[in-house]
């Protein structure tokens, strides 16, 4: 015969203060657990959405990122002539030869400078990235000192807003438009005409060549041929893969940090739950003896106490997740130390994180409650009844 | 004395519960101490850098070089003692996971500018003489078991190709904070190679390092240098090495802030756990407190006993935590050597640890202390039996 | 209103009333009680559960507050004292004996007895003397370093009595002192209390259910529903006796 569920529930209610304290300890741990997962997920989402699976990025071999890369005009035109490059509805190649450099501009709030990616774009650049759309103003006129800024830049950097000017390469550049690229990394970039920027920065070579594949499955054969071509010293990556590699170090750091913190913190919370449950058992010795005398099995006692602890964990989990869900309002912006450029991403809550966090909280409750529950179940009836 | 005895015996009355609480607090204190140390490491580069050395780089950003010809013009600025120059090389040893700093430098002036890199005179000579030579820090050499004369190959990311260097010297840091996980080689070697493979990129310098005659001249000299190249093709930005390093730290500030917040969250978590322990303990002892009150003890006595117990438990956890922080830091230093320079616990971290433990004890004790001090005797006694 | 032994009263209770609040209800516990207790008396308060006898004891001992009426103990109106004054007064004038002994489990027999003396200005060696003497009176000189858990119920109660008398108060209050003891131990405790009255001139006020305990007392007062009655359940006469 099982002890009714309400017994466990009411016992938690009776010891309200202890229940609240224990559950809040667990809630904080779940909060940290969920927040780190959300942060990693936010970073992943930003980078995955930045790239498209059917786009290819070509950079100089071993250069790791567009910023370090250089692809000269001759090499670029060889790539342009490859059969895998798709054409748009107007028959033009869906291929962009781009320049990517970092410029140092101060933030609006702190006046501290940060490295921002400035991308010299070609007409096809926008077609390659359908996630980018102009939300305000207009596109820069070719041949003029005009740029457009990602919405994250416009908001946070001096001179990034529409109508404002940025100074670099001995010229003043007017921001004529703001583009919205959702949560992607492009939101943290400034775009301008590639030829104008190459002139200003005195860079005779492109940084990268990006294009859309005519046939998504043709990537491997393209990669093999291009990387084997003696005239070229480049490597080709799918755009999704390229952006994933960009933040490998950051993602790894967040992952290790998150796991370590969660393990340490959950030790604390499990200890808290254990203290609470041991006390719950100690305070109710007579009660347990009575239940046993009434004919409840050891298993029922065990189950009732484990249930109480699981409920405690679940309570903490729900509260912690509730708090963590507000973290979605926060955007983290930091330097990606693989590329030295500014990267903004938000905490992102997914269904996967939701159930993982709840499972984690219930797991903490279980680990904390199982030993005390065994103590309760193993109690000698006569001695338990005699205890005062 | 009597009360101290009573407090200590009370604190360890429930052996299991007290042990669990003390262990919990110790874990939190270790985590707090290690996280504080990690935050400190962020500023490690800043602290190790000098306020009298200046760094001149391209005003647009670090990725843009400066012409080599600037060297002589900088040298003519009054107050400049030594000028050295180099490039961030960004080479990769084996693969991306084996990261360490590597830079191309003009060896003679570089070693002059950085007296904290200590080499024996023979090794110093050997390094300066060998165009393909390099020097590495002691900790880096230990990590890979390198010996003098070994061949080290880096794969270039900024400068393509496989680059081979001959190890000519292993330097030690003069101070604890000196970076011992870096590799330096001849700038000339880089430049000569570039002249052949990528002439457009030759004779370009990533940054200049300037030593001024007196630290007070730093601001004046940096303004003078930037003024020379104002409105040229490559405008410069000159700042002290400290400010330069701080700029890097500022760019990753968000992560730094997150770690800091998290290190306080762990203290809050354990505060809640300890508060729970104390609340339970005080509840169980209400009758004892009431008995003491009947004997004529006042609220303050009871308060002292409860509060003292909370402090004893918290500080035991704190001391245990501090004691375990050292082996934990040692373990990190050995196991994760490639990520951190020197993972050493600073004295102020210990102080912070103990302060945190104290705060935990105080916070955990407040409610039970108040309860114990204000409980009505008749009510308290009625809880018995 | 002299009582049994003809001594002047040490406790004078006038028009004492007390009620408790349970939720929105007010439950009267003691109603308009007036009586005296003579110095050197051994008084047993009897009555069914909830009759208010423990409340009356607590009021006399100064650990609960009356709603109305006055209690004078040794000439001092304790109903007019502040909490702080009351605590100091208790420490000097009243010794407590509880049903469950209420010893501090983390203190030895010696330290438990020493506890009340910490509130006095006695030196360490003076305290030691007093404690030794008190333990000798209760016959536990060989158990000084034992913790309560290492003592039998009777022995624990004797430690509690030693603690009650160590500061030499005039009055001892005992709430069911034999309630948790077997017959033999209970007999010993009552014997000891009797000795304290006889040899040391203490006044003892004891609440009990146990008729054998009441027999040892020289006066028995009955309480029923907050009103003092005589043995037959009739309202008490102004002068009661055994």
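Letters are used for the chains, namely A, B and C, taken in the order the chains are written, and counting of residues starts over at 1 for each.
Quick note on the criterion: contacts are C-beta pairs under 8 Å (C-beta built on N, C-alpha and C of every residue); 3 or more make two chains touch, one makes a residue touch a chain.
These numbers were taken from a predicted model, which means no experiment stands behind them.
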Shared interface partners, meaning chains that touch chain B and chain C:
none
In terms of mean CA position, the chain most removed from chain B is C
What is the identifier of the chain with the smallest separation between its Cα mean and the overall Cα mean?
B
Taking each chain's centre as the mean of its CA atoms, chain B sits from chain C at a distance in Å of 66
Starting from the mean Cα coordinates of chain A and chain C, work out the distance between those two points in Å.
70
Chain A and chain B: spacing of chain centres that average the CA atoms, whole Å:
25
In chain B, which residues are in touch with two or more of the other chains?
385
Touching at least 2 other chains, the residues of chain A are 388
Specify, in ascending order, the residues of chain C that touch 2 or more different other chains.
100
Could you pull out which chain B residues touch chain A in their complex?
16-17, 20-21, 23-24, 27-28, 30-31, 59-64, 90, 92, 96, 99, 155-158, 160, 200, 231, 233, 235, 237, 247-248, 250-255, 258-259, 262, 265-266, 268-270, 272-273, 275-277, 279-280, 284, 385
Using the touch rule from the top, collect the residues of chain A that touch chain B in their complex.
17-18, 21-22, 24-25, 28-29, 31-32, 39, 60-64, 67-68, 101-104, 110, 112-115, 168-170, 201-202, 204, 233, 248-249, 253, 257, 261, 264-265, 267-269, 271-272, 274-276, 278-279, 283, 332-335, 337, 340, 342, 388
Could you please specify the touching residues of chain B with respect to chain C in the complex?
2-3, 5-6, 9-10, 13, 287-288, 291-298, 376-378, 381, 384-385
Chain B partner contacts - residues on chain C that touch it in the complex
55, 58, 61, 63-64, 84, 87-92, 96, 98-100, 102, 104-107, 111, 114-116, 118-119, 163
